[in-house]
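Shared chain: chain A. Partners: chain B in the first complex, chain C in the second.
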Partner chain A sequence: MSSKIEYTKQPIPANWTKIGMILTVLGLALVGASFAMDSTRATFNSILGMMFIISIGLGALFTIGIEYLAGAVWSTPYRRVAEILASVVLIVPIFAIPGLIKMHDVFHWSHAEALQDAILKNKSAYLNTTFFIVRMVAVFIIWIVFYFIFTKNSEKQDITKDQKLTKRNIKFSALFMPLFAISLTIMAVDWMMSLEPHWFSTIYGVYYFAGTFLTGLSFITIIAISLNERGLLVKGLGEDHYYSLGAMMFAFVNFWAYIAFSQYLLIWYANLPEETYWFINRYEGSWAYVSYGLVFVHFVIPYIILLPQPAKKDPKRLKLAAFILIFAHIYDLYWLIMPTYTKQHGIEGMVFSFYEIAFPVLIIGVVMVWFGIMSKNKNLVPIGDPKLQQAIDFHL
Partner chain B sequence: MDKDYSKELSVIEGKPSLATITHDISVPMETMPNKAFYIALSVTLTFLGIGAFCLILTFIYGIGLWGNNNPVGWAFDIVNFVFWIGIGHAGTLISAILFLFRQKWRTGIARFAEAMTIFAVMTAGLFPLIHVGRPWLDGYLLPHPNQHGLWVNFTSPLLWDVFAVSTYATVSLIFWYVGLIPDFATLRDRTTNNIKKLIYSVLSFGWRHSNRHWQHYEMVYLILAGFATPLVLSVHTIVSFDFAVSILPGWHTTIFPPYFVAGAVFSGFAMVQNALIFIRKVFKLEYIITLDTLEKMNKIMLLTGTIVGYAYGMEFFIAWYSGNPLELFTFVNRAFGDYAWAYWIMMTCNVFSPQLFWFKKLRRSIPFMFVVAIFVNVGMWFERFVIIVTSLSRDFLPSSWAYYKPTLIDGGILLGSFGLFFTLVLLFTKAMPVISIAEVKAVVDGSQPTHHGGHE
Partner chain C sequence: MSKNLFAVAGLFNTPDEIIKASKAVNKQYKKFDVNTPYPVHGMDSAMGLKSSKLGYFALAFGLTGMLIALSLMTWVTTKEYPLVIGGKPFFSLPAFIPITFELTVLLASIGTVLSMIFIFFKLPNNSHPIHDTNYMKSVSNDKYGIYVLAEDDNFDAEKVKALFASLGAADISEILYNEDDLEEDVQVYQHFKIFDKKFVVGLLSIVVVVSGLAYYMLNKLFYMAPYNWMMTQSKVIPQAPVSDNFADGFPMRNPVEGTVAKGFMPYEYKGKPEEAEKNLINPSEVTPENLALGKIKFDIYCSPCHGYFGKGDSRLNGQFPNPPSLHSEKARNFKDGRIFHIITDGQNNVMPGYYKQLSRDDRWAVVNYVRVLQRSLNAKEEDLK
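Coming up: the complex of A and B.
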């Protein structure tokens, strides 16, 4: 017969926090050094960092919402991991600070003389500093509010086991989805697309969404599998429960490729100079290799790893794929953001040095430490969730 | 009544015996059609006849009988093509994608939706063939060496359409047929008529319901679902390329591929839902095609309708944001120009009407959902009309601007396409099981003992 839910609360491995601390310190040193040496380049990288950490937190928040909304059962044992990870949205605003302070160094449209440019003048109703900040604040508030709603209800359920809380979260998930779509699009357009303020693409928000969800999912996969291997999650989780994580990642690897290809093909084919220059910037000099590499890192390699069915059940290969996908997202953000920097500063080809490593290192460190802090005094599994038993009994 | 989230809800209502299920699904094929069926069939055949008549006139006198003009060279023909291709998408989404997502509620509706896919693709396939004006030259659409040295333009998405649609039609047909094999075997075993027995025997490929057969069957079904999934997305993606690779304002925008796919699923679900409301009533299959299932379909319509709304919004925003005056003009012209009436029909039907599905009461009211789904289909037809006609009628040269007005012949062909589609649907309901007998049995309560224990 079905196994009972067996869960005893244990803290997460202590060395996670330690490694996180080391990475944070290292990251801070690198970030400090990069701001001291070339603050403009460091600011561009801070945007890369912010978009990366948004992907982690928002990706996890979206995963919670979509699970409730779709009534998914398989993901219930991992939901608390997603909830703790989603708390990252609370620290996202910190990473917006460099970009806001040094706004004029990165956002060409924020200059006073940009208004002499007819096209930018036309856009100034949207692209102006005040509205930019208002939008950003509104977006952060939405994320944080929904983070608290989802997690408070879910944590309360650990004790009360009240099914009404599930229902309440389902309703809030439905409300969250349209707000999520709009807020994510705003951040993608504002912080990345407007770096090259003349350029535009209607699919841009969807493109960033594909990376966001993959990143959130990859973090959840790595954390959940690692915790489960140490027996810190509920008893009875195994390869059948891993499978869906792998299948989901595989699906969204394809989704990303589909969106990226659509955007590229349509712009390449129509060959309108006001659109193609964005891709041309990414094809000049050594940037071309970065562009080719993106196809492999973000699509071909994870696709091959995740395609066979056994791979989706094998914790090692799943974690490998997840690590590659996290790297791929950083790579993708680098490819989206940094060509603007080299172009603006008349540098030929790509640049890569400790500046570009600083923020990813810092963020991974901070997220590890933060995960440790936020997971304290919390069950690592939503033990009061009505779907949990069913999820543990789940077999392919 | 509050839902109990700790239990998997049964997809089938009540606890029908397996024999009841077999009986209820097979009955339509074992009895003579009733009067209502003949009335319905005569209506659809009349529509089909009108369409055929208009087509014959077109072939004799040429496409001058249509409303197409210069600059509106694409009109009803392409609108109908895109519309019907879109209708087909729901079937594959239900049968393949929801299968991969392990959504059991799909079981009751998958067969019928897939059949509609095939009929919709057949209907859609007619339009490019007649659109060329000289259908006897259609063979050149397929690249083959010939004495004229004529080759297709491999860089044209119109040609990719030929490949995409034909591949899609083939795979859908195979997928559908594979699902039908066990059911044909069931029908073969039930029938007492020798001719029928022969036909079903041939169609069922000697299926014996053996364990080994089932093992192979499930493997093939999974693989075909995996194949069909990227195919269905590719079809409407390529249809969207027909427009988006051009440089015409209103056509060239990068969000087209996912937006077209979402729109296709949206209209397809509406059409399937409309038809199922009749099917479940007439064949008394309400316990298999339950209200819960219909409600889930409505939720998908709400989702895809909202995605479409997002795309409209994004297009409009970028038209302004890009600073491209032609682009902005096109969109303002859509909303306030000559075709504003079409635009607002589209907006009302596609974006606003499905928003009513936020309310559970409305989502579960059959008359209400029926009307909304009709609205959705009207809206989606107008969406293609708006995209194609408004952009073309205001092209780059103001001296060539013109207003497109469809003729009676255009209307007749559109009516004929509905006639063809529903004639095929009606014949299908009497010739083949509208629900997969075998699959439904697998989702009845208690049919899968290993899933809830005994696995330790």
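Coming up: the complex of A and C.
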């Protein structure tokens, strides 16, 4: 049954970079306009953008780590796509710049008078500007270091076919997992939860993780399936190999719903004013529709699309679900971040205009261009990986 | 007992061979089946199987569970037994979700397994010609088997054997069945006798053993005496001379002095008619309902002595001193408070107090009714206008 791995390196479709360029230019124009017109609102959106691009890069990095750690075979043919996508963590720091410059406009706790507030005073050991930046730098370093470790080992294997490299990466991913959990939680808490510094939810990091992994997975799904349809991946990949992508997405759609609902149920039941006001902010005026919409966009619709078994093999439906999930994550971040903005500025109900589109457009464009650059001199499949043959032979 | 041909079976050594074999068989025959010791990947498409309908059963059962949970909880919490819990509305969807989820999953899984066993596997149909054959022993151990049914339109035993041989079968055999095992008037493929003696005996002995074990374990092995502290706790025993609740032999303590029972207001003008007349103010509102209440109470409690119209025409035939008429000038000039006082406290140790029978509101209603009676004989000027 086993045959030789048939792979020849071909460049990714040229129009991807072209579309990416167009989106980047468009995004840059929108971002420039929004900073010129209302820099505070633009800064809030830059945080949305940063959390979104973190989700793309870190979600991909996590799939690499979890594949090594779990010894997963099904995802091996897609691992190089994930590795190239994970290189996005290299450009994440750029998107932190607006938030850092305009820190006092968005982070209430960073003001000097915040120390007069008893609660913020008690939190100031953690929530202070210096420690905030130290944490951020440490987190970026962790991600970038592990990105280089994983990819260098994996790419070396293309040539040497040395199985020891797999073993080495397994050890590193065991080290990476706890660091990943902590660093992701730190970023979610620091950059999103601390926008409303009085409020707290212990499940916040897990909630953000659910969206992160789904986003990474959705990007991998779209890219891998599109490449494979053009025959740019290894020969012999087909519907049976898509199945696990769909199953994983389906599982994490449920995971997200489970976590989101747990958070809501506990706060709703306990009914403590210091916790409920966060949800009430997202329930007032037109925000209520955004909240209801979230349930559908992030759970009901993808759930129904992915439920039937054939859907998990059908490239069309898989891509549709992945697009919806990427949109859902942006929607989710909007729902997490923007009500704080409207509340702080006494705006009634939700706000939505080109400000909110600017960063997602820019980021999707940048990621497409970046993917083109980073994939240039690389194979699109880890052809030296000992598990690759087994993965290709897989049948449902 | 005549033996008929059920199918021709072939055994293969590797999963790759069985996949190749089922692809080849699938091209020529429709009625065939494959048996492997474990699920072999890629078998569904090799056999040309359509995707199973079992998923629809799961969906239907899951939705049923969801509906039952939601409607049951809605009915209980809003109609049958509404309780305020944590200040939440009776219909609180978030609180229902966990249970709805549980019941959805429970019904979906139980329903799926049961419909698989009963509909797809056709339980209680427990006998099949491939049982107790060498073929069955091999495929449940280390071989991969395929058999083509004699019922198939293209079936020809020799051709099937030749096909298996050309595919490299390790062993080729015929599977036979007894005419007697067949239920009447049915297709061979579908139905064999339901109640095999061995099966029934086996089932019965399982039932006996399991229920016996359960009984023994719960009632003997793990038996625990139920809590009996309700029998031994200190309590009041009716007719017992003393109680051991307190040292003085009383079962309960007297209420602290000045304790007022719930809903009771002490009467502060006992034996002080003048003060009552001065201070008490009629709080009731004169309405038809109030007067009707007053009439009822008056007729019950006052009329035996005072007569239905308060004329003092007692029905007691001299067993009790006749009261004076309530229409006297004196009685008409009583303030409401005075009449209230007389009803509450009695008068001159002759008329008894009625505070035990009549609530405050009742008493004021009677006062109002007495006023009506009085004005029926001595109308005020304004009544005539």
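The criterion applied here is as follows: the second predicted complex is superposed on the first by the 396 of 396 C-alpha atoms of A that agree within 3 Å, B and C clash if a C-alpha of one lies under 4 Å from a C-alpha of the other, contacts with A are read in each partner's own complex, and residues count from 1 in each chain.
Heads up, the rule we're going with is that contacts are C-beta pairs under 8 Å (C-beta built on N, C-alpha and C of every residue); 3 or more make two chains touch, one makes a residue touch a chain.
Keep in mind that what you see is a predicted model, and the values were worked out from it rather than measured.
In the three-chain model built by superposing on chain A, chain B clashes with chain C.
After overlaying the two complexes on the shared chain, residue contacts for A:Val361 are found with neither chain B nor chain C. Once the two complexes are laid over each other on the shared chain, residue contacts for A:Val351 go to neither chain B nor chain C.
By the touch criterion defined above, A:Tyr269 lies against chain B and chain C together after alignment on the C-alpha atoms of chain A.
More residues of chain A lie in touch with B than with the remaining chain of the pair chain B and chain C. By the touch criterion defined above, A:Ile223 lies against neither chain B nor chain C after alignment on the C-alpha atoms of chain A.
Once chain A of one complex is fitted onto chain A of the other, the partner contacts of A:Pro308 are limited to chain C, with no touch recorded for chain B. When the two structures are aligned on the shared chain, A:His395 is found in touch with chain B and with chain C. Note on the superposed arrangement: chain B collides with the chain C stretch 220-228, while the other options among 58-66, 220-228, 274-282 or 328-336 stay free of clashes. Judged by the document's definition of touching, chain A residues 1, 265, 269, 271, 395 lie at the interface with chain B and also at the interface with chain C. Every residue of chain A that touches chain B in the complex is listed here, in rising order: 1-3, 71, 73, 118-119, 122-123, 126, 163-164, 166-167, 174, 177-178, 181-182, 185, 198, 200-206, 247, 254, 258-259, 262-263, 265-267, 269-272, 274, 385-387, 389-390, 393, 395. Residues 1, 240, 261, 264-265, 268-269, 271, 308-310, 394-396 of chain A are the ones touching chain C in the complex. Across the interface of their complex, chain A is touched by residues 2-8, 100, 230, 233, 237, 241, 244-247, 252-258, 306, 310-311, 314-315, 318, 321-324, 358, 450-456 of chain B.
By the touch rule above, chain C contacts chain A in their complex via residues 16, 41-42, 44-45, 51, 55, 86-87, 94-95, 97-98.
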